[in-house]
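First subunit A sits with subunit B, and in the next complex the same chain sits with subunit C.
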Partner chain A sequence: MKAVDFDYAQPATLDAALELLAREDVMVRPVAGSQSLGPMLNLRLAQPELLVDITRIAELRTIRQEGDRLVIGACVTHARLEDGDYPDVTRGVLPSVAAVIAYRAVRNRGTIGGSLAHADPAADWVNVLTALGADVVIAGTGGRRSVPMTDFILGVFETALQPGEIVAEIHVPALSDRARWGYYKVCRKTGEFSHATGAVLIDPARGVQRCVAGATSGKPVVIDGPALFADGCTEAAMAAHLAGSPAADDPIALRTHTVALKRAIAQVMS
Partner chain B sequence: MSTHAKTISLTINGTRVEASVPPRQHLGDFLRERELLTGTHLGCEHGVCGACTILIDGEPARSCITFAVACDGRSVTTVEGLDDDPVAAELREAFSAEHGLQCGFCTPGMLVAARDVVLRRPDADNPAIRTAMSGNLCRCTGYVGIVNAIRRVIDARNTNAG
Partner chain C sequence: MGEVSTAGSGVGARVRRKEDDRLLRGRGRFVGDIALVGMKELAFVRSPVAHATITGIEIPEEHRGTVFTWADLAAGGVKPIRAVSGLPGFKVSEQPALADGKVRFVGEPVAVCVAATRAEAEDIAASVFVDYAELPVNSDMLEAVTPGAPKVHDHWPDNVFLETNVGGTIAEIAATAPVKVSRTIRTARQCMVPLEGKGVVAHWDRHVEQLVLTTSTQMPHIVRAGLSECLDLDQGLIRVVAPDVGGGFGWKGLLQPEEIVAAWIAMRLDRPVRWTEDRREHLVAAANAREHHYEITAYADARGRLLGIEADAWVDAGAYSVYPFSACLEAAQVGSILPGPYDFAHYRCRTFSVCTNKPPIVPYRGVARTGVCFAMEQMIDAVADAVGREPWQVRLENLVPPEKMPFDNVTKKHFDSGDYPESVRRAVAAIELDGWRARQKAGEADGRLIGVGFATYCEQSAHGTAVYHGWGIPMVPGHEQAQARITPDGGLELRVGVQSHGQSMETTFAQVAHEVLGIPLEKIKLVHGDTGLTPYSTGTWGSRSMVMAGGAVATACRTLAERLRRIGAHLMQAGPEAVVLEEGSVKAGAAAVTIREIAHTWYRAPQLLPADVDRGGLEVTAGYKPGSDHGTFSYATHAVAVAVDPEIGQVEILDYVVVEDAGTMVNPMVVDGQIYGGVAQGVGTALYERMPYDAEGQPLASTFADYLIPGFTEVPHVRIIHMLTPSPYTEFGVKGIGEGGAIAPPAAICNAINDALKPLGVTVTNAPMTPEVILCAIAETRGAA
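Moving on, here comes the complex of A and B:
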């Protein structure tokens, strides 16, 4: 239960961090709150030679409003999003979801960018930010690029991040006044990893009717359009949408995913 | 011994400490093995059980998945540093009165997490207390005594404030 003998750097600027992360002579990994990477290091599932701690980089810890988008720095903690010291353009999505991530002691250190970069299919932000239609701004020595969430998460622990790149910002679009959302996850115990996650957003002003089935052992499954609303969220419909994922062939998993999404939809309809 | 040792300077229970640490050493091991603060208990060592919960800059954190090297410049408080803390004192009494512990292994982490609930959630009902404490595992009590102890402290504080 002890990590391998890695080296560690704590750069003060993004440029300095990116320079270290671009090194090819050592196996290097970025780290923020270490609430996912910490266990992986202790279990030796991750064995880096150099950890680059990006939490002291001031620009990665800011939240600002830019027009109709909220720009969240990668190193903003879940606890801060839970406590809500920012203009919440999401009508409660961000603080409500942040409040149910793991436990407060984890939320105090775990970060939104770290959660996305880790890309656990059961992670709350992975699924909720997909439902919200957020964009991820990726920084590397070659500059910045913006990637929509649907193209950022590629699979289990797999993202669009190339070697040397980090998540810098998350851009969350504002919801309109008439937007409604729902979120439900099935966990064996409060705060534990989700076995099935349902996230739903209806925003008539922007023409959004979106369901997301998460924790499917793959990337979030996005189902756009009205098909699942009303009474459309059946096991047969879900089996078709989850086709190709391990969840589709397991009756218990299929039932669990159907229930999670049904309950999220019920929150929108109530 | 690590070839990558770093010098860190932090405050532990109010005392300034300077130390050379291998980056791989997590804060729990640093506190127990170097500072001999064995009140911090290590259970699972991967962030699940909550026994190692301490305060970093006043906020609860898991010392087993936080590396000591990352705490340079921070203020760390362990259960030993809560001797004179009024909320912790009320909780110790309530845990004793309500049978909030048996073997005591989870108790240091329970006290740190419970203190946060009392301070941050004075409006918490019992289900909210259970949810807020769900990151701390106890294999003896069945949690009833722990919830009752926190209930007792919150109620007493609310009565005194009113």
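Moving on, here comes the complex of A and C:
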């Protein structure tokens, strides 16, 4: 299939982009790497009248350190995060996770902000940035606001973005020297979407003990604090913590999510 | 064993492919690359429901004249596709190229829209409103054969295209056999997903007064025959051309409704039109294959020697019978080939070609053999388990031994040659079974379970006249013809009616001709895939092209050689008996005259020719059939080692060995390539590929995000070991090899998974063996324990 007829704009500044995105006379959508929206356009699942390409906006393509945070522009590609031309404050989380997103061809174009805005529960950044405790800076014509990941992802393909708003930056807190992390996803084949994702961060100096079960039928399931670790991280304890969450839709799914989480935790413990 | 040399560039040489220079540089010319002046693009309105009566089609006023329905085609004299089998009891389906008042599967074409671009044609398609009165749906073949099931074709008494019964009663064996094992086995509905989808450009060539259909096909001559029948147009008014074709696997081995529509529109509008199938159309609307269901029982003695096999088999043939293979080829083939490469005496098999509200089933690489091998090889392992022996030992116990070759099996299949047991012994050695058994015993640090599986098959290929006459379908292969023509500068043109869409024929047929004539490969040009330029052929299917068309090329070249020898002898003033054709020259002792010089004489200096010269000249069309009409039988044993993760149900292939016998290999590198590609598809059948349907007949996968195929990282490194038993019946002893790689992987991988799961008491019997299937089987066994 071919996309419906649409107009295309490629503004050079964020303000120009936001102005276009605020138009109410046409159906408008932002696009960055086009790795999710592209197929949706071609399947006519998305039928915008105006596509605003934000990838030429310089400020959205920068990575910089601000104190104990790394600020990543929304249009930074997975490939760049994989290749690591920036001060990695995450002790390897960003490049390691970026390297296992889909295939390199997808990573060359796909962006971190686009992945969050699309909010596929199986997406790597949706779960990993939740585990890292990142904040999302949202820009709109009314200004900017910062939202923690746990409040940004609201459900399957649902985010805190309001009409006319886009993801501008992701703020990732630096990990302390003794922080440890684990990441495990269950994919049927290399590069395929995850069926169960476990992401774990333990950073004693910052008082963080966080487990995330992702690729569920809802927003990431966060088990924050020492409870799970106090329970010895047994499979039974994990299953109990996941019970009632979107990870427990059926026994087979619950089992697979438990295993993903168990294997992520094992990386931290080893 | 054969003694063909692998040096040089003739038969047996590992020559690089001539076509790669074009294809690997992206310079091929596919349907999608063609641009004709004034060409329009087509988009189809397709049914969103599986079974319904069409109560109205509303075409917006502004699009009248650019949207066409069956009413327009029927008024123009277009007839539905009828692919009839002569087997007794076959029920005929009529498939109109656009739906005629009723739709029978999701994706069935209902109307066609014409515009300058595909996107605009799709805009028009979206504006056409079709009113459907939905009918009850047959989404599962076993339910479709129950009394009271909704009927796909109203005038039929039931939903069965054909029931066949092979063999006799085996009640006595059933009552007395020491070992009896039964299984329910199923393979999923698959799509073929060649890299290039289907595509067609049609236009009326005013100069030659012909309809020219440039189409992505494996069989241009058969498409011409079918078009002629449906359009009621003389075959002389139709030329079908296959340009570069990016893989077929069976999907391009049939006449398609879209081809008929494109041809009719081109004539109606008197301008070129094109339709290119997109991936969504491919996955949803067409190219379905493989869906089998078996209830099968094996009887054996205490050593595992097979006493008999009894089976009922169902094939979900979809809504219509495809042209030319028909809806019953697959299931009828199940009945005749289920016994596989084994020697046993008692057999009974009943098959049903079931009509359902799904796209028509199409023969896919290996056709019924992949399902048959999946069923039979599971039974061998089940018998081995029952008698407490290694599965490979039970295979050795039952395979036809070399001393019995040639051998007529229980269904009268004529196995031509080979050492089947040796393929098993070599596979056991190559996979290093003892090492895996030791590792199994020790256990894996990561908790995964190791398993090893084997599967053996033999494959009838290059089917002869009698075999296809028996099916009674619209296509019966006879003598395959090839034309060989020496050019005035001493080169060679070969013209064949088969079509190369990955088989490397531009290289391998040149090797065959070189073997006979000695003309260098770079001076040999293959012309193929064009009814206007080549002799009639049923096309490329059934692993037949090298046996049949290769044999015809050799035959034509031998006739040319004799003519060249006689002219050469005259030019050297030698007797014809005193000269030989060697290395591209006719030689008499120390004297020699090159083919180039002889060609120059024939074409440019005929005054030098002898008075009694053969007036046929340096151009020959020759027909060929192998010495046996039963086809050739290649065979192989596949061995695979896997690690199964019982926590998440994932399977990793750790090693994969193919021991195969294709007889004489014209180009071993090409044979290896065929096997690698086939195994990749077999891995897809085994672990990934499934087109799921819901109860309403809706396909639940429409992109590669839902329909998984193996990628680079999922296809194992395959180690190939060649055996080499020439066929006694063919030129050079070649056997068909194109499909074999895709036959055994699901069976071998299934047996390996079950070997791995044995400590858990778990057995899986359905393909694909996805994590969900494996986890459910483990959970069920736990629940039952």
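Methods note: the second predicted complex is superposed on the first by the 249 of 270 C-alpha atoms of A that agree within 3 Å, B and C clash if a C-alpha of one lies under 4 Å from a C-alpha of the other, contacts with A are read in each partner's own complex, and residues count from 1 in each chain.
Here, a contact is a pair of C-beta atoms (placed from the backbone, for glycine too) under 8 Å apart; a residue touches a chain by one contact, two chains touch by 3 or more.
Keep in mind it's a predicted model, so treat the numbers as computed, not measured.
*Asks:* Identify the partner contact of A:P39: answer first if only subunit B is touched, second if only subunit C is, both if each is, neither if none is.
*Replies:* Both: A:P39 reaches subunit B and subunit C.
*Asks:* Figure out whether A:P87 sits in contact with subunit B (first) or subunit C (second), or with both, or with neither.
*Replies:* So A:P87 meets neither subunit B nor subunit C here.
*Asks:* Looking at A:T256, would you say it contacts subunit B, subunit C, both, or neither? Reply first, second, both or neither.
*Replies:* second
*Asks:* Contact-wise, after the overlay, does A:P204 reach subunit B, subunit C, both or neither (first, second, both, neither)?
*Replies:* Touch status of A:P204: no partner.
*Asks:* Which partner chains sit in contact with A:G225 here, subunit B, subunit C, both or neither? Use first/second/both/neither.
*Replies:* It touches nothing on subunit B or subunit C.
*Asks:* For A:R188, is the partner it touches subunit B (first), subunit C (second), both, or none of the two (neither)?
*Replies:* So A:R188 only meets subunit C here.
*Asks:* Taking the superposition on A as described, I'd like to know which of subunit B and subunit C A:G142 touches: first, second, both or neither.
*Replies:* Neither subunit B nor subunit C is touched by A:G142.
*Asks:* Considering only touches as defined above, state whether A:T55 meets subunit B (first), subunit C (second), both or neither.
*Replies:* A:T55 sits against subunit B, while subunit C stays out of touch.
*Asks:* Which partner does A:Y8 reach: the first (subunit B), the second (subunit C), both, or neither?
*Replies:* Only subunit B is touched by A:Y8; subunit C is not.
*Asks:* Applying the document's definition of touching, compare subunit B and subunit C: which contacts more of subunit A?
*Replies:* B
*Asks:* Just which bits of subunit A does subunit B share with subunit C as contact spots?
*Replies:* Shared contact residues on subunit A (touching subunit B in one complex, subunit C in the other): 1-5, 39, 43, 189-191.
*Asks:* Touching subunit A in the complex: which residues of subunit B?
*Replies:* Within the complex, subunit B touches subunit A at residues 2-4, 6, 22-24, 26, 29, 45-47, 50, 53, 56, 59-62, 64-67, 69-70, 72, 113, 116, 120, 130-132, 134-136.
*Asks:* Of all residues in subunit A, which touch subunit B in the complex?
*Replies:* These residues of subunit A touch subunit B: 1-8, 10, 34-35, 38-39, 41-43, 51, 53, 55, 79, 102-106, 108-109, 189-191.
*Asks:* Help me check something: in the complex, which residues belonging to subunit A touch subunit C?
*Replies:* Residue list for subunit A touching subunit C: 1-5, 39, 43-44, 186, 188-193, 195-196, 251-252, 255-256, 259-260.
*Asks:* What residues on subunit C touch subunit A, complex-wise?
*Replies:* Where subunit C meets subunit A, its residues are 117-119, 122-123, 126, 278, 280, 647-650, 688, 702-703, 705, 708, 710-714, 770-772, 775-776, 779.
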